[in-house]
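Here it is, the structure, as structure tokens.
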Amino acid sequence: MTTLTRDRAALHQALVARAVRLCNAAGVMDFNGHVSVRDPGEPTTFWINSRAASRSTLTERDIVPFDITTATRIGDVAEPPSEYHIHREIYLVRPDVGAIVHSHPEYVNVLSINGEALRPASSIGSFLPEAGAPTFDSPVLINTQPRGKALAAALGAAPAVVLRQHGTVTVGRTVPEAVVHMICAEENARLQYRALQNGVPKYLVGEELANLARENWTNAYEKYWHYYDETARRNGTYAGLGE
Amino acid sequence: MTTLTRDRAALHQALVARAVRLCNAAGVMDFNGHVSVRDPGEPTTFWINSRAASRSTLTERDIVPFDITTATRIGDVAEPPSEYHIHREIYLVRPDVGAIVHSHPEYVNVLSINGEALRPASSIGSFLPEAGAPTFDSPVLINTQPRGKALAAALGAAPAVVLRQHGTVTVGRTVPEAVVHMICAEENARLQYRALQNGVPKYLVGEELANLARENWTNAYEKYWHYYDETARRNGTYAGLGE
Amino acid sequence: MTTLTRDRAALHQALVARAVRLCNAAGVMDFNGHVSVRDPGEPTTFWINSRAASRSTLTERDIVPFDITTATRIGDVAEPPSEYHIHREIYLVRPDVGAIVHSHPEYVNVLSINGEALRPASSIGSFLPEAGAPTFDSPVLINTQPRGKALAAALGAAPAVVLRQHGTVTVGRTVPEAVVHMICAEENARLQYRALQNGVPKYLVGEELANLARENWTNAYEKYWHYYDETARRNGTYAGLGE
Amino acid sequence: MTTLTRDRAALHQALVARAVRLCNAAGVMDFNGHVSVRDPGEPTTFWINSRAASRSTLTERDIVPFDITTATRIGDVAEPPSEYHIHREIYLVRPDVGAIVHSHPEYVNVLSINGEALRPASSIGSFLPEAGAPTFDSPVLINTQPRGKALAAALGAAPAVVLRQHGTVTVGRTVPEAVVHMICAEENARLQYRALQNGVPKYLVGEELANLARENWTNAYEKYWHYYDETARRNGTYAGLGE
């Protein structure tokens, strides 16, 4: 590795480690789940947290590089998650995607047990498609290439896909985008779920939704990420990270 | 600025910074939302938290003065929220209002997704109008003057207005009043929401409500504020503030 | 005051201060609410937290003596709660009662908004009457003697009475008993409320309930209190108390 | 006791103390509940937390040995829980079981109040039987041998049994297995409960469930335990333990 590469490695490791800890603190990731970032300088490489490291205490050393072309980890590093196929297959078909989060947030999961699509119910969910996030109609682990390909196909061009009775995958151009999509998908799901209990929710549609999608998300990702990042730092969430 | 003005500035900045942190700790404000206070000595000026600063860690320096007459920030300070129109238009038509809170508390939001008015369901909500808080029937950002005027019109003489599928605005003579209105509106909404799930809630009405509104709110604002303020201080919520 | 009395005063103040902090930490008391203990050595005196002191940070000095006979505080101490009538009237008609808690726990409150009686739904609520805790059918503040008398009459011989759309009062022979009754009443209410959402709960009745009431509460009060007390101490809940 | 035995005792005490604290921090054990581990070297002995010690602050010294054959504690140690019969009778008929947890998690309890079986609703619950966990149809304390035998019979070969309107018992080959079963049973119950509120949940059945049970639980127990253990350590949950 050249010095430049080593610096970039350190940067990606620091960012992914913080993102995993942040997701854990924000209540959208527990004993399972992963965050990856694609290396802009080497777009066939992504960095992801290892299978075994605890999502509450992992460090930069637990973030491992993965080669999309050969489908193997790079170098003598810890084992990646068995569900690395999620990341590999999405990066292959979505060149716009620079980061991916997979986890099992509660309310998105519940909606899927009821067969309810995750639909924009409040302005916080106005980044979602009007018809709802697409669903991958199986609870199976995404631990084979065919499953990964089917999941990436289900995602299509959307920012999020729901894995029935299992979890969620969100994507973004950057780590803050993918993480904020996960947090806001879950927050929208909670509001939607609660409204479903008291009748028929008024979903956001048409011009009203299009307007929110246009107006509400300008500069929002960095601002939301900043909030969670600051909160995590204040609460000691990053203890043990170099930052 | 004269020394007197500078002292007043410091006072307003300290109060608003604390109020934002307190709202964050009390669960009614997250990555978005703002608190403002009108300067009693210069009633065409209000102080508000900046657009970008994290609501969990902002400090006095993030509270910026705003000129109601010219609709611009005063001096070389950080950018105010794009929704400053909420504050400006309400201060223009409500001379009794000395402080405003805008945020996105969960249960008020859910009621609005169901088209349920926020109505007094328990003594904690007895400051609300019998027919329920008025609703601004749009989820749009209040980032233009016409939207601000329409929102102020929807608020009318009430202590709170619900922004459909978006959030809430509460007002008061003082910062403690506006903040306590927000906290108690959300608490009432949660009780109301839960009761709606198990049948038809008994709402407070007529003489019973009038009596609670009269008896329960004497000296209540300072006492409730004191509780949240003390709790915040004990929990380290104010770390980094001069106080 | 004799030395003996002074020592007893210190004991009561320490116990009530801890009980208020514990109730606050256990989620059953916030900006309002009070705990009192009757002085066994002077049964016409009780000790209660003052009206204004924050329930999260009050100290022994905020616990004031009250004379049941004259209905006034004893000495130059802080103002007691305006609802002292709850305590006075219950102590007058229930010689078995040595401690009283009044607060506004969420789920008991919700049940009362729906007109649902608080009934034993799980073993944790088996101290409650089979027909449910009695209800005081008004949301009014108990700030007059007639209201206090009516509330005491509603309580009757029960361990708890629900104040419609307002709160709850629990009693016990000791502070641990009254506090544990409040915590377990709220826990039972939460289970009952949740079960009501999914159909008709199976309530505990007849021989089954009688057996639980007999078997489950032997030595339970001290053990439950010990758990909450230990947890509070570990979590720093008692910071600032002499203990 | 030989040195070897003493070392083993220390090992079991440390493990059970940590498991109780971990269950408490993970929200599945409060003032009641117990964890036991069978001594592999002396399979008629198990170690269990004492009746009285607080589940939030107990230490290794509060973990006591119990003789299955004589049904008495071993040596001059603190009193075991009156429900030791749960542990004794299960160990007698389930030689595969090396650890047992009994507690009163909220959502499993609620399902039992509604007479709903605890069924696999999401991949987290795919270790449960397709027809649901068996139920012990009584809320009574398991404080006699006949009750213990009846409970063990109700459990049968399952990993978990629901005690109607009372609590849950989970078992495993190791402490991590029994603890993870308890945490995941409660998590599945919460998802199932929430889905029941919005219609008919799609339960996992047949080939889909069998596949999840086969694929999802390989190496899962140690990984999940590691997460909760790391989180507990970071959060100070183990303060006062030697570890």
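Should a chain be cited, it is by its letter among A, B, C and D, assigned in written order, with residues numbered from 1 in that chain.
We take it that a residue touches a chain if its C-beta (ideal position, glycine included) is under 8 Å from a C-beta of that chain, and two chains touch if they have at least 3 such contacts.
As the structure is a computational prediction, the values presented were derived from the model and not from experiment.
At the interface between chain C and chain D, two copies of one sequence, fewer than half of the residue numbers in use are shared by both copies. Distance between chain centres (mean CA atoms), chain B to chain C: 33 Å.
Spacing of chain B relative to chain D, judged by their CA centroids, is 46 angstrom.
Shown for chain A are the residues in touch with two or more other chains, namely 197. By the definition of touch given earlier, these chain pairs are in contact: A-B, A-D, B-C, C-D. Listed in rising order, the residues of chain D touching chain A in the complex are 121-124, 126, 190-192, 194-195, 197-202, 204, 208, 211-212, 215-216, 223-224, 226-231, 233-234. Partner chain C is touched in their complex by these residues of chain D: 30-31, 51-52, 54-57, 104, 106-107, 109-110, 113-116, 138-141, 143, 164-167, 193, 196-197, 239.
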